[in-house]
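Several structures are given next for inspection.
Here come two complexes built around subunit A, the first alongside subunit B, the second alongside subunit C.
Then we have the complex of A and B:
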């Protein structure tokens, strides 16, 4: 045991060398990014899977909400698609007031625009069918392309977390 | 005379069963019945004499264009989507009997840009965005024009959303007539004269 203690003293101890310590960098309060993030609260706010994940998880834990070729390398039309997407989302938010359970997914296949929406069950089916036809016809006439609305009803919003 | 008797019998008798063949006989001139009956029956029941023509297939006399290579470059943001599309395209090519030269996956390109985080001042704090484009190149060899048209139409109709495709075709053409033979064979023979200096 004494021999072991002497051996330990002989070994170079790198623990107390000043240059080997780690520096901790702290960010000041104004630098926090707030983009597409739901801040933690008391625990009563229900948050869906889509809302709970910040944007750096797109491609890893999240999928894309709008699928088109405008943002690919060597392809054009990104700005027009973005504007159309924004308009279509606002239009649907107004056409189905209080019914949208989650974000609307837009897919573009050639000329066809497919809109996939999740709705709650507050309205009877015949009214939903009317609103679907109305939205399809109006968007088709506005954008001069065939528009298909694929609706699915869910009993309630699906919670992922409570923040 | 026998024809007239047969005709009267057919018109009168309801007991005589009027078959399809006999109706034809009434309209046309009456010949010895047995031969005509056999021929008519054979013609009416099946079209085995005429070859079946599919209305979707068109046959033209012009020669087929031949493609040495058909290069399909597919671009997308999601690598999983491109992998599944590659499986689909390769399977479709194998089913149609098209030989695949190679399936190449070029490295992804990332387009990044940096913008200021704040609306006003705070130059030191910026945000960076990036757009990743994954590629998949499928090269098929030795196709005819119609095969290429069919394959491309099928594969393009099933292109997923958010995926772009670029097609390059390498055509094989006959060498034009004016360069088929080397020039020095066609020039007239020039006699060499010795130059005496």
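Then we have the complex of A and C:
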């Protein structure tokens, strides 16, 4: 009777072992083939030069929107500069609502951060000057470095082609 | 960006538009359209012989309204031309040198001249510089863009000095070369000490000078155990008391003994011409390596030593 119980115990049987489950590892969907690409439409969608060229043309037909030494060999600070760039772009998008005609170009010269923006002409000049001073002072205090805003106005967004 | 005084016709049409807008308040859902005019670009009022360094005094982004050149940049659309400069982001992205024209650089040099001093006239040749300033210190400064100026690579200090400028006798020089090992270059007689173990450049410089001082003083001292220096430790080949000398003298003594010549002492043999020749050729071979002239010299000296003709 005891021998029979021992024999039963040795036989293989389907037991639920919690650690022996099969896992599936997934990443969030990246959609790399659809990044920064404007889909072709009926021919009435106006795109600028920046929007018309997908990312694989960077270095060939497009330049870089942000210039700094962080990505050179042996230099540090690339991640910090990238974070600063992202914040400055959002900040300017909010400071000049509806006025940005194209992407903001950021240049760093030593400590100085030069922000070049193309704006439309919806606001009168004295309001633009106020916003420029406000942005320069606030960004300067936030990042503890001199910030210079170089603004240019265009009558409307410059079309490159119509998709 | 300042609005210029408006032309009379434009002013009239604007006034009319404003009056229409005020009059049509009852028309809901149609906001008055105010067209903002901008001044014509500055390029239209630029003289050909203007002072360009006042348009671009410092490094600045490309401004289409300030640069009177018909530049186009970008990939053209099919059966088209590259986009013009107005609102062209590509021209703004790239760094430009509009602020560094030759006349502008001349002005910079003229302004900087007041801060420059003359090179001392007494140091007019490299030898004089080396004689007065034998130690060369090399440090590197790194420039990068960002909010921090610190770079850990900037703490490295390299010290270079020629040993001929140091007051060393034969023993001290050999001991110093043994102490520094790979840091000494025989061809140029230069000792190079590179320090980077301290966090600051000043500390590394002080450490380097301290190392040089310690090496100099230690190489002049003679320790007790230095007398145990064996033949393997010697830097160059010395013929006296070597196996070659012993073998040569043995052979010559036996030759003389077989010819029954008596009373030939070692000193006489050592002082003789053939043995001196042999000594020179063996020393040259060991110290300088095997060359055509060395080997032929050795051959001649051996033939003379053993008295072999042809």
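Everything below uses one rule, namely that the second predicted complex is superposed on the first by the 131 of 163 C-alpha atoms of A that agree within 3 Å, B and C clash if a C-alpha of one lies under 4 Å from a C-alpha of the other, contacts with A are read in each partner's own complex, and residues count from 1 in each chain.
In this section, a residue touches a chain if its C-beta (ideal position, glycine included) is under 8 Å from a C-beta of that chain, and two chains touch if they have at least 3 such contacts.
Model, not experiment: these values are computed from the prediction.
K.L.:
Record, for the superposition on subunit A, whether partners subunit B and subunit C clash or fit.
P.N.:
clash
K.L.:
Mind working out whether A:50 is in touch with subunit B, subunit C, both or neither, as first, second, both or neither?
P.N.:
Second partner only.
K.L.:
Scan A:89 for contacts with subunit B and subunit C and give back first, second, both or neither.
P.N.:
A:89 contacts neither subunit B nor subunit C.
K.L.:
Of the two partners subunit B and subunit C, indicate the one touching more residues belonging to subunit A.
P.N.:
Partner with more touched residues of subunit A: C.
K.L.:
Once chain A of both complexes is superposed, is A:68 in touch with subunit B (first), subunit C (second), both, or neither?
P.N.:
Both: A:68 reaches subunit B and subunit C.
K.L.:
In the overlay, answer first, second, both or neither for which of subunit B and subunit C A:33 touches.
P.N.:
Only subunit B; A:33 stays clear of subunit C.
K.L.:
Just subunit B (first), just subunit C (second), both, or neither: which does A:107 touch?
P.N.:
Both subunit B and subunit C are touched by A:107.
K.L.:
Stretches 77-85, 149-157, 167-175 or 257-265 of subunit C: which one clashes with subunit B?
P.N.:
Only 167-175 shows clashing C-alpha atoms.
K.L.:
Mind sorting out which residues of subunit A both subunit B and subunit C touch, each in its own complex?
P.N.:
Residues common to the subunit A contacts of subunit C and of subunit B are 63-64, 67-69, 74-75, 107-109, 114, listed in rising order.
K.L.:
For a test of understanding, state which residues of subunit A touch subunit C in their complex under the given definition.
P.N.:
48-50, 53, 57, 61-65, 67-70, 74-77, 80-81, 101-103, 105, 107-111, 114, 116, 118, 121-122, 124-125, 128, 143-145, 150-155, 157-158, 160-161
K.L.:
Applying the document's contact rule, which stretches of subunit C touch subunit A when the two form their complex?
P.N.:
1-3, 36, 38, 59-61, 63-65, 74-75, 77, 83, 86-90, 92-95, 143-149, 151, 153
K.L.:
Considering the complex alone, what residue numbers of subunit B touch subunit A?
P.N.:
Touch list, subunit B to subunit A: 75-78, 109, 111, 117, 122, 125, 127, 131-133, 159-164.
K.L.:
What does subunit A use to touch subunit B in their complex?
P.N.:
Against subunit B, the touching part of subunit A is residues 30-31, 33, 35, 59, 63-64, 67-69, 71-75, 107-109, 114.
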